[in-house]
Amino acid sequence: MSGVIVTNPPKAGVEDVDALAGHGVATVHEAMGRTGLLPTRLRPIQQGARVAGTAVTVLSRPGDNLMIHAAVEQCGEGDILVVATTSPSTDGMFGELFATVLRRRGVRGLVIDAGVRDTAELREMGFPVWSAAVSAQGTGKATGGSVNVPVAIGGQVIRPGDVILADDDGVVVVPRERARWAVEASEARENKEAASRAAFLQGQLGLDRYGLRDTLAKLGVTYQSYDDHVRAGAGS
Amino acid sequence: MSGVIVTNPPKAGVEDVDALAGHGVATVHEAMGRTGLLPTRLRPIQQGARVAGTAVTVLSRPGDNLMIHAAVEQCGEGDILVVATTSPSTDGMFGELFATVLRRRGVRGLVIDAGVRDTAELREMGFPVWSAAVSAQGTGKATGGSVNVPVAIGGQVIRPGDVILADDDGVVVVPRERARWAVEASEARENKEAASRAAFLQGQLGLDRYGLRDTLAKLGVTYQSYDDHVRAGAGS
Amino acid sequence: MSGVIVTNPPKAGVEDVDALAGHGVATVHEAMGRTGLLPTRLRPIQQGARVAGTAVTVLSRPGDNLMIHAAVEQCGEGDILVVATTSPSTDGMFGELFATVLRRRGVRGLVIDAGVRDTAELREMGFPVWSAAVSAQGTGKATGGSVNVPVAIGGQVIRPGDVILADDDGVVVVPRERARWAVEASEARENKEAASRAAFLQGQLGLDRYGLRDTLAKLGVTYQSYDDHVRAGAGS
Amino acid sequence: MSGVIVTNPPKAGVEDVDALAGHGVATVHEAMGRTGLLPTRLRPIQQGARVAGTAVTVLSRPGDNLMIHAAVEQCGEGDILVVATTSPSTDGMFGELFATVLRRRGVRGLVIDAGVRDTAELREMGFPVWSAAVSAQGTGKATGGSVNVPVAIGGQVIRPGDVILADDDGVVVVPRERARWAVEASEARENKEAASRAAFLQGQLGLDRYGLRDTLAKLGVTYQSYDDHVRAGAGS
Amino acid sequence: MSGVIVTNPPKAGVEDVDALAGHGVATVHEAMGRTGLLPTRLRPIQQGARVAGTAVTVLSRPGDNLMIHAAVEQCGEGDILVVATTSPSTDGMFGELFATVLRRRGVRGLVIDAGVRDTAELREMGFPVWSAAVSAQGTGKATGGSVNVPVAIGGQVIRPGDVILADDDGVVVVPRERARWAVEASEARENKEAASRAAFLQGQLGLDRYGLRDTLAKLGVTYQSYDDHVRAGAGS
Amino acid sequence: MSGVIVTNPPKAGVEDVDALAGHGVATVHEAMGRTGLLPTRLRPIQQGARVAGTAVTVLSRPGDNLMIHAAVEQCGEGDILVVATTSPSTDGMFGELFATVLRRRGVRGLVIDAGVRDTAELREMGFPVWSAAVSAQGTGKATGGSVNVPVAIGGQVIRPGDVILADDDGVVVVPRERARWAVEASEARENKEAASRAAFLQGQLGLDRYGLRDTLAKLGVTYQSYDDHVRAGAGS
């Protein structure tokens, strides 16, 4: 794996990226037909942050952050750094110094399928991070890898320039060509949800709103009073 | 598994439920002879909340929240929704819209052995949740299950109407028939702990307070100065 | 395993301990040549705490906290209690009453490779804890163990009197004989990092600062424009 | 938890138990409406064994096998010993000496939600075991528990006298009152599967046999040639 | 996610596929520059099998095997079925009946990032399987998905027609366009390894064969006799 | 971490090592007062092997096997190679070529807290391995480490020359100074177990043999007939 650093990949438009930041991860994931969600092991180190940006991807060997250094130069305004490793690792590949240089370049956050350190400092700086682990374990600068190639984290492929949206619920990727569509689909879903919210606040049930009583009946789900249920021998 | 929705189960008395909310999970678990504790994978999405309520139970297939919709109608003032799945799942079966309708009905919180989403919104609403995962992954409404049947989470059985108590330490279940007894046992334990606390603040040791020096001696645990210990070849 | 309670072990000097508390776990771990880091399963129950102290070690059977009672008597001003178990356990071996008595004795915190409970109370008291689990599960006082013997947690050996430093990134152990050296090495590293931080704030890249362009070249990592990359058939 | 040893529980009939041993775990689980399956962490230490028996249940503290000794006396011809712990444990609570005495009493095997040791000897003896771990870690005899009370492992409740069926796929529990029904349902299912097997051997597809083409159509799943798919921009 | 079933994807040539089966997973993974390896959670249910085939891919919702039924029709001579789920699942989505119909169609094996059941029967049939879990848990036929679209398992993307090679070490994917190249690279690597093997059998060391003494020296790794090491205070 | 390769460490005597191989891991662990057991994640890749040897230890960075090459030269007749990594890793650091050269030098097996590959070949060669993972993932030769320094795996410290004993139950370490004592203690334990086995074969119960009826009584464990138990309201 000699590796390659790909320069100037196409990116999703900044307007679409910023529009996506107006929606939550759950909304966008749903709006896109329940696709794009990264695995639950990626957790935020802070609470209450939501960011969207264009992916600069890194594929590293575990325990080595050389390629993150290489990626920094490829990062610019509005990007989010996305780091994958060739095998599972919890090492702390990223810390406050990286965040310092990235922030200066306008980078909006980090998604890393490995460990991160200096978490107190990162929170203080307000540089948002989603990681698979927190670990002070240091890493080397001795093995190659690639920048801005497609990487897969869990079941999702992230290509350079794709939109990354992350909040307290996790991380979702939107293919760059579908960013505009995703914005519209998300807005449509939010409108639909707003209507549901209003109805629920007035006491309507999902069973009625979504027509689920029929579904229950078709599935053979029945209603039984507790007394009948116990009498039928179903225990307590 | 066609499933059944059981209506009007017996419930623990509201006075006992509210009295239990005056104690912590650790206290009640201890007071009941170290029983009732749900597995540690159930973690709060917020910090500092403590709630007690009567269980409305749901048994769902993984990746499907149809039965949560069915359960909402069975929920009322003072309840806590408890969701189990027939096999392990991290999917986000529950979010802010469910919390909106449940809160209107007086439900006090959620315990779910699967995933939850809209966590930022849930925290903002002050709707407390204990879950096995945080995930934006959406779920279907296509498979049956049951409501208000006994469910087992980890080694604990939760029946409809049992008391659920949850705080930062986790979740404990109190069988509805033992709620009164659990309140009294918890109060007794708190009194005992208050006395211990006072003694410890004045410098007494648990070794003396609980008569443990004898136990150590009987077990053959000995004291040795560091120098003797090293001299005996035990390393450093 | 009858067990032994070792008294009066040598300890790292308080000045060095306090000086180490001025540095982060990541810094000290790096300064010591990337050694001493405890496993990532040890997580803080609070955010933003950093403490350093001298280890009082406990080796217990799982589900039994008798030896923690024995250890309390060996704890004094400036110590940190370190608890290991002979096999994995999540039980809540430690809670607020222990913290009450330890705080009175001047103990600075707890590191436990098992569970802890009363976490809300511990946070309120400001008694910092790093643990492998949060669990209300109670434990017994019926089996022996040892105090102030060397224990291994993950790949690290902790001897009584060694320095424990813990913050949001995790826990590191510094052998008591190397405490002075670790302080100096940490200061040197912080100075080096301060210089790097200043350079990064002015726009320098790690690639240049650390001379990594050569490394990339030697490893055969090449640069390619996105268009060339796609044209070469590497996909998108 | 002082504990109780319950004697002479009712048991499923031996004919039904033996009839269930003629079916696989997957078949019986399906026949019972997909209920009764114990969690996947329970794995066989041997390959190719299938046994059915009536449960003698044990609830122990982790790291302590006193109650297994108590349970031995309650075990007899046709039983299977089922061991649960009050919190997770990997300790080797059971080994060849226990198997020796159990085999003499006619016990058919062990299901343990903890560790087992002497695995080579157990395989040699042909005493089948399903366990959550393999570990040589020894345990104590100092804490109480119960025998022949209902225990929950994962989402399943096992009562004394219930039928335990275990094979290479895992472990399933059949409530003692439903044993006869489960035999009949399993036979019906096997007949149905035999017909399907014959049809599949002749080339029929599940899509046709189970009428799933309609389902696909209703769900909006469409067919597309690879060339059209690529032309539609779906990538390769 | 309505889903699509893609028909007639391009496939790697059968000669190359069969040639790859002459090499182990480790060899091919190395020969391709250490790429293509699926995650270690995919374990064989049998020992000693090695198969290569062309991928027919399935993307299913967890707990639902409708799309496997759809995929069967797309499977033919020399294929390997590859099943991914949209979120983690251990359910037994595949068993002996599926293997019966697949074998009739000339399918060579199964790779499934979920559970499998009827494992004894599958081993008896000689139908090789690599799975993330063994579980008898039954699944539904109620939710859509896709067949022969690219799927990602762990960090690897598998497209329909790519080569899947699996043995006791795990599973590797070879992009269909690179199959020929992978065969040649694997043969080259095997020749190189044969030469190393011969040298090692005659006593040569890797240190010398691969010129690693220089590497050690450059990294500052030094040699020290045990006595000097202890004298230097490095403990024992 | 420049690292050091320590030469000619003291070793346990070959007679004692070979005598320990006559006992199982569980026996020796018990005989030594339940100490020395390595974590359960170390599993054999073969079934039925038991080996004892003197440890040659390696401390490597994850994903790099340079130091294993260095260790080979330090290995000789009767040794067992023990590999630890500075942070968790599943990479396949060891395969058949290493086993070829080690076997020629008289090495008896491998214990590795990381991954291994070529498992089919290793089994065929009869070179026994205990590992934390099976993975074909290749590793580099670019980072330093140490040979024959003390390493900690789980809660156990292994020093060069200590005795490693491994079988189907796992791996135990015996400090080299205690090898003779461990042999004697193991023989004593085996004699005691033989007597117990004989008694159990004749029908004696552990309850009587070990005097546990008193223990049960002291702990307050009571006997109750099933009918009384149900009548007391304890459910079924």
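In this document, chain identifiers A, B, C, D, E and F correspond to the written order of the chains, with residue numbering beginning at 1 in each.
As a convention for this text, a contact is a pair of C-beta atoms (placed from the backbone, for glycine too) under 8 Å apart; a residue touches a chain by one contact, two chains touch by 3 or more.
The shown structure was predicted, so the numbers you read here are calculated from the model rather than taken from an experiment.
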Task: chain E and chain D - chains in contact with each - done: B, F
Task: Selected pair, greater C-beta contact count between B-D and B-E - done: B-E
Task: Approximate Å spacing (C-alpha centroids) for the pair chain A, chain B - done: 29
Task: Centroid spacing, where centroids are CA-atom means, of chain C and chain D in whole angstrom - done: 41
Open item on the list: For chain C versus chain E, what separation do you get between their C-alpha means, in angstrom?
Closed with: 37
Open item on the list: By the touch rule stated above, which residues of chain E touch at least two different other chains?
Closed with: 2, 34, 37, 86-88, 90, 135, 137, 142-143, 150, 235-236
TODO: Any two chains that touch count here, so list every such pair.
DONE: A-B, A-C, A-E, A-F, B-C, B-D, B-E, C-D, C-F, D-E, D-F, E-F
Open item on the list: Considering only the defined contacts, which chain E positions touch chain A in the complex?
Closed with: 1-2, 33-35, 37, 39, 84-88, 150-157
- [ ] Under the touch definition given earlier, write down the residues of chain E that touch chain B in their complex.
- [x] 61-64, 86-91, 135, 137, 140, 142-143, 235-236
Task: Residues of chain A touching chain B in the complex - done: 24-26, 29-30, 34, 37, 40, 43, 47-48, 50, 167-170, 172, 193, 196-197, 200-201, 203-207, 210, 212, 215-216, 219-227, 229, 234-236
Task: Contact footprint of chain A on chain B as seen in their complex - done: 2-10, 66-67, 69-70, 72-73, 90, 92, 95-98, 100-101, 104, 115, 117-121, 123, 133-138, 141-146, 148-150, 159-160
